[in-house]
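One structure follows; several queries about it will come next.
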Amino acid sequence: MKTRIPLFALIVISFQAFSQHTLRKEINFPDIEGYHTLKCDFHTHTVFSDGKVWPTVRVDDAWRMGLDAISITDHIEYQPHKDYIPTNHDAGYEIALPHSHETNLILIKGSEITRHMPPGHLNGIFITDSKKLETEAVRKYWETGETDTVRDALDYMKPIEEANRQGGFVFWNHPGWASQAPNGIKMYDVHKDLIKKGLLKGVEVVNWDYWYPEALDWCIEYNLTVMSNSDVHEPSGTFLEMADNTHMPVTLVFAKERTEAAIKEALLAGRTAAWFEDKIIGKEEFVDPLVKACIKVNKPHYVSENGTKYVLVENLSSCDFTLVNDQQTLHLKGDNSVLLTYGKDESEKKFTAKNVFITSDKNLDVVLRY
Amino acid sequence: MKTRIPLFALIVISFQAFSQHTLRKEINFPDIEGYHTLKCDFHTHTVFSDGKVWPTVRVDDAWRMGLDAISITDHIEYQPHKDYIPTNHDAGYEIALPHSHETNLILIKGSEITRHMPPGHLNGIFITDSKKLETEAVRKYWETGETDTVRDALDYMKPIEEANRQGGFVFWNHPGWASQAPNGIKMYDVHKDLIKKGLLKGVEVVNWDYWYPEALDWCIEYNLTVMSNSDVHEPSGTFLEMADNTHMPVTLVFAKERTEAAIKEALLAGRTAAWFEDKIIGKEEFVDPLVKACIKVNKPHYVSENGTKYVLVENLSSCDFTLVNDQQTLHLKGDNSVLLTYGKDESEKKFTAKNVFITSDKNLDVVLRY
Amino acid sequence: MKTRIPLFALIVISFQAFSQHTLRKEINFPDIEGYHTLKCDFHTHTVFSDGKVWPTVRVDDAWRMGLDAISITDHIEYQPHKDYIPTNHDAGYEIALPHSHETNLILIKGSEITRHMPPGHLNGIFITDSKKLETEAVRKYWETGETDTVRDALDYMKPIEEANRQGGFVFWNHPGWASQAPNGIKMYDVHKDLIKKGLLKGVEVVNWDYWYPEALDWCIEYNLTVMSNSDVHEPSGTFLEMADNTHMPVTLVFAKERTEAAIKEALLAGRTAAWFEDKIIGKEEFVDPLVKACIKVNKPHYVSENGTKYVLVENLSSCDFTLVNDQQTLHLKGDNSVLLTYGKDESEKKFTAKNVFITSDKNLDVVLRY
Amino acid sequence: MKTRIPLFALIVISFQAFSQHTLRKEINFPDIEGYHTLKCDFHTHTVFSDGKVWPTVRVDDAWRMGLDAISITDHIEYQPHKDYIPTNHDAGYEIALPHSHETNLILIKGSEITRHMPPGHLNGIFITDSKKLETEAVRKYWETGETDTVRDALDYMKPIEEANRQGGFVFWNHPGWASQAPNGIKMYDVHKDLIKKGLLKGVEVVNWDYWYPEALDWCIEYNLTVMSNSDVHEPSGTFLEMADNTHMPVTLVFAKERTEAAIKEALLAGRTAAWFEDKIIGKEEFVDPLVKACIKVNKPHYVSENGTKYVLVENLSSCDFTLVNDQQTLHLKGDNSVLLTYGKDESEKKFTAKNVFITSDKNLDVVLRY
């Protein structure tokens, strides 16, 4: 007869430990007119492809670092851990989901479709069934290095169409990655064709510790959505050390609500910007109101005898700004303020924000008017 | 005949350098019902007594560190730099004032009356003429070590009365300072007498890197105002290294407005608390609403199948809180959030805030109710 | 016919990325007479039990943080990831080993034997075949909660004997862990019996963010080896945030060489100490020479007219020391120096090192003699 | 009759407080063959001209920040504090000297000769009598803006000759300072003449938060000594915030001993280099051996099956290095190590040190050979 005794009190009530011991530090970016400014990372990995962490770590890290939404996007084809972990394209999402509910993080289902260039690597997010993105011939080729026909091994159309069929939003990852673009970044006809067919809607202007100025211009020319993702494989803390950075790359999404559906709507409408190192990168129509919301110019608090006005300029965001004109260079650190003096008849100062890019070679102009 | 040529272009337009290059980082403490929470330091020194910095440095440091108001309170009697700097009791205020206007810092005129214990050292702030606090016999004694009568050398009543006559607010500094209280902190009859006469209205519960629990009890018993000051002599950055701290001691003043007059009214009404290291110290009537304003308990964002509710608790202040009960210890770092879980039928959790003192040996109770 | 084309250039040449981008920061502890001072962590987890990281991350983190040796000690019995990862007790070591060679880290094979108290959890390290530590009845009980007999489910002797048979060094983990010692830490007869039989040779005086003073006394009384381990499950960076610490717990091993064999010899001989937060904890015979090596008192560099001697005291270690006597409190931060003054006829100063424990309630005495 | 009572126990035994509470953190730069590498700052200010701190603060800050030697070099002519502090050109040295003895810092007497461009501002150090550098006509002009003849007001020859007569070493400060070089940095005939006469022997290649590449070329062409100084007016901690830096500019002096005389000999012999931000700047003959001493390439600790060798490269200095070649970019942070892989038949790697300048536009080549 079987005996039943209470299970060992192992207390791996990991959430409890998590909730008591970890801290969330918000990233500050003000909302813009009509939209919430959400902080998102749509490209991350776990042990279920070539990442180094358990899926819940992605949620923990994102929570601690102040994000609103992430997607776990393991490679469908590249499975270097398969000797130890059976391929399971849905595991990352499945395991991380409960923890995302607990932490109020929006978790978006995704996968990375992994091909030679072109088209290179592409993420499909907001998909519903990752397994269907797997192509038998490609899988076999990856495992054995053999293929019946080259065409089979390279086929990319099926998973891209499948991702779109599932309602997914597909974007092109790290277009200038040296391994796939040894002669420099370029857009192929393959991509133009995918864009024309409505199958490819965004491109990473930022990936890991690089940004691709040309990709920003493509976003403008081809009406693509600006994406800025970490592509993190390591624990996020290690990523920051390796990339010598103080925050992860973030896609700022200007969404009507803080919901998964609203994020999707915003991505489809192209309402995003990149936050990378001390840079804000994106289309002027979104970057301009964002920067205006970030930098608050107060009324003068003092006027000296000779008419000089003393003005407090506050940076309401976590982003460091560098504002330059002929007269001066202002380093306006995140969450800090500076003092400015305005002459007797002066009520505005014009600067160029050297850290804000609205095309590959154009910075945003900023007027500080009190 | 005299020739006039343009003065050397030395460009010691120090304000311009200051405004372009230094940053202010706010200290976060929410306002409480009916009052602004102002961050103040009423005890600092400059080269005009035994301090190590030019008066404008006090303003610069206070501005950078997020304060609203300071007082420069050089010793009247102790003048160790007098071989190089002629005694000038008004110089600190005079030199710092223009820069305080430029930086929108409230500068309060003050002086430190320096005697043996009792009564020890006392600050008079909101005074109008520091020179009148100087007693000839005391000055002479300080300079020569000689005195006509001991009584003359020790006289303290005149400057205290004079400070009060000028409308000053007088408080007792570092009552437990080892040099003057080698056998431990105690209140003398001299102090009780001064209090009874309405000449002494506050006491430093915090000075430099010490806090005096007994002094908190005196504030309650004798209706004194809680003061928490740095007594900084060095540059503030060096102070922080020496005291192994991340912020200066601050007197939180609950004032009707951000004006000098409103600060004075609040000090007279006893509406203050101390922020020292990770501690908030003061009378319960002010500390309780402050802590309630600092810790925001959100509505549950998720309820699990078994009814567990997940709640985000935000620390809206720069102060680190340590909340303890039988079940758990919460380290709620400044400007960070934690997650808490509430049971199916639970809507509040009771804690003791180990870092918040409302008497010498009593911590504030805190209820986290969503 | 099969075609062979070059494998996708995925460039997950992770070592190359690692070597170019990550940095190692040494932990400084001087050697002591006759021995190298090695920095080790003998208790860590990976995804192959309830840890959150891939085994190579343990090597990466240890390398970056300046360790010499680690052991990966996944639970034999507790396998919460088994729905996704087939149980494989040797996987952690197998996967991490090549990377340990590359980084010159000593990787020691180990496993955690996981039982109710007594005896609680025990690590076997320097073992050769983890799989043999698995007991069928226990495994079954863990998976189903059912057991033929309670005795079977609780049996602990077999794996402990097996670990010793393999040449393993077995020690008791977190003896005061609240989940297994709700009424406080205590040593059971079971432990005494294991010690007497020579099957249990060490105990964790430090685990995660706790230290157990009683366990230090046991080490002295029962001649056990002092162990100080992280028991890290998360990425190490997250551990440090959760434990609010700046370094991981470290077992300092005084070894004849920097080899696995020498570490084993040292553990068997009991030549260790714990470094935890700012504390050094261990038997006086090892802690005393270590502290003497850490704190260097220089010859006076200046003698004033009145005979006062000025002396530079250097902390050659990464550990912060707090030295106290009647006169003064010295905070001697890691890798920093302080100045001391010695009187005319004084050539030594006696202190108690408040951060150095040689029994549960006794600090090391330190003489600073120039 | 006079009475004598013990002086008030004010305990401004500031050294004692200093020695107990402040910490010195060494700057790490290895010695080079035949010379000690000393860390020096030959340009600082105090309240005795336009500086903001008491002279002892310069010693305190230098001690804490790991320097070996400093010079206090207040302006002779520019005395903006004279309404409060009587001009006293020797006060800075006089006041700071005892504290420099206590802290074992080498204090070098100096003054800043302050003129229009050319020749601009020049420091005379190792002088013996600052007062003799004052020119009556210039002083009067500074005070009143009036002068009998323009020539008198601008005269610079007398103080330069006087400084040299006293055995002083005279160098040109911030040659490219925007206020005096609005059209860009250039060397005037005045300077060439001074150099030819042996009256001017060095130039600041670094001042505050700028470096002047052209000045490095002048050092080579005219055999001038490379100087790198802070010109700090504020407390050093504030300087670091304003200049957004983690250390002060340092002149590395390669001296036969750690004495004032040896520093002077080294400056006369031109044996210096600049450490500024992450840059080392100087003549190749000194910079090359320094960098070789900083970067230690160990023997391979592991050779993989395919012959790849794994090598630890240690940075023994506090300076961050950036080494670049066609293959890779190495960020070798101060006091950290990296791992490198060498191919089967490879025993050296060639890099260019992007942070090390040996002319205005040439970086040092570095070979990492094990």
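Observations
First chain written, first letter: the chains are A, B, C and D, and each begins at residue 1.
In this text, a residue touches a chain if its C-beta (ideal position, glycine included) is under 8 Å from a C-beta of that chain, and two chains touch if they have at least 3 such contacts.
Only a predicted model underlies this, so the values are computations on that prediction, with no experimental measurement involved.
Note on connectivity: the fewest chain-to-chain touch steps from chain B to chain C number 2. Distance between chain A and chain C, defined via averaged C-alpha coordinates, is recorded as 37 Å.
In whole angstrom, the spacing between the mean C-alpha positions of chain C and chain D is 43. In chain B, the residues that touch at least two other chains are 21-23, 331.
Chain contacts here close into one cycle, and each chain has exactly two touching partners. In this structure, the chains touch in the following pairs: A-B, A-C, B-D, C-D.
Taken together, the chain B residues at the contact with chain D in this complex read 2-5, 7-12, 14, 17, 21-23, 47-48, 50-54, 56-57, 60-61, 64, 77-78, 80-81, 84-86, 88, 91, 95, 114-116, 141-142, 145-150, 153, 179-180, 233-238, 241-243.
Contact residues on chain A toward chain B in their complex (touch as defined above): 15-16, 18-26, 63, 101-104, 301-302, 304, 310, 312, 328-333, 335-341.
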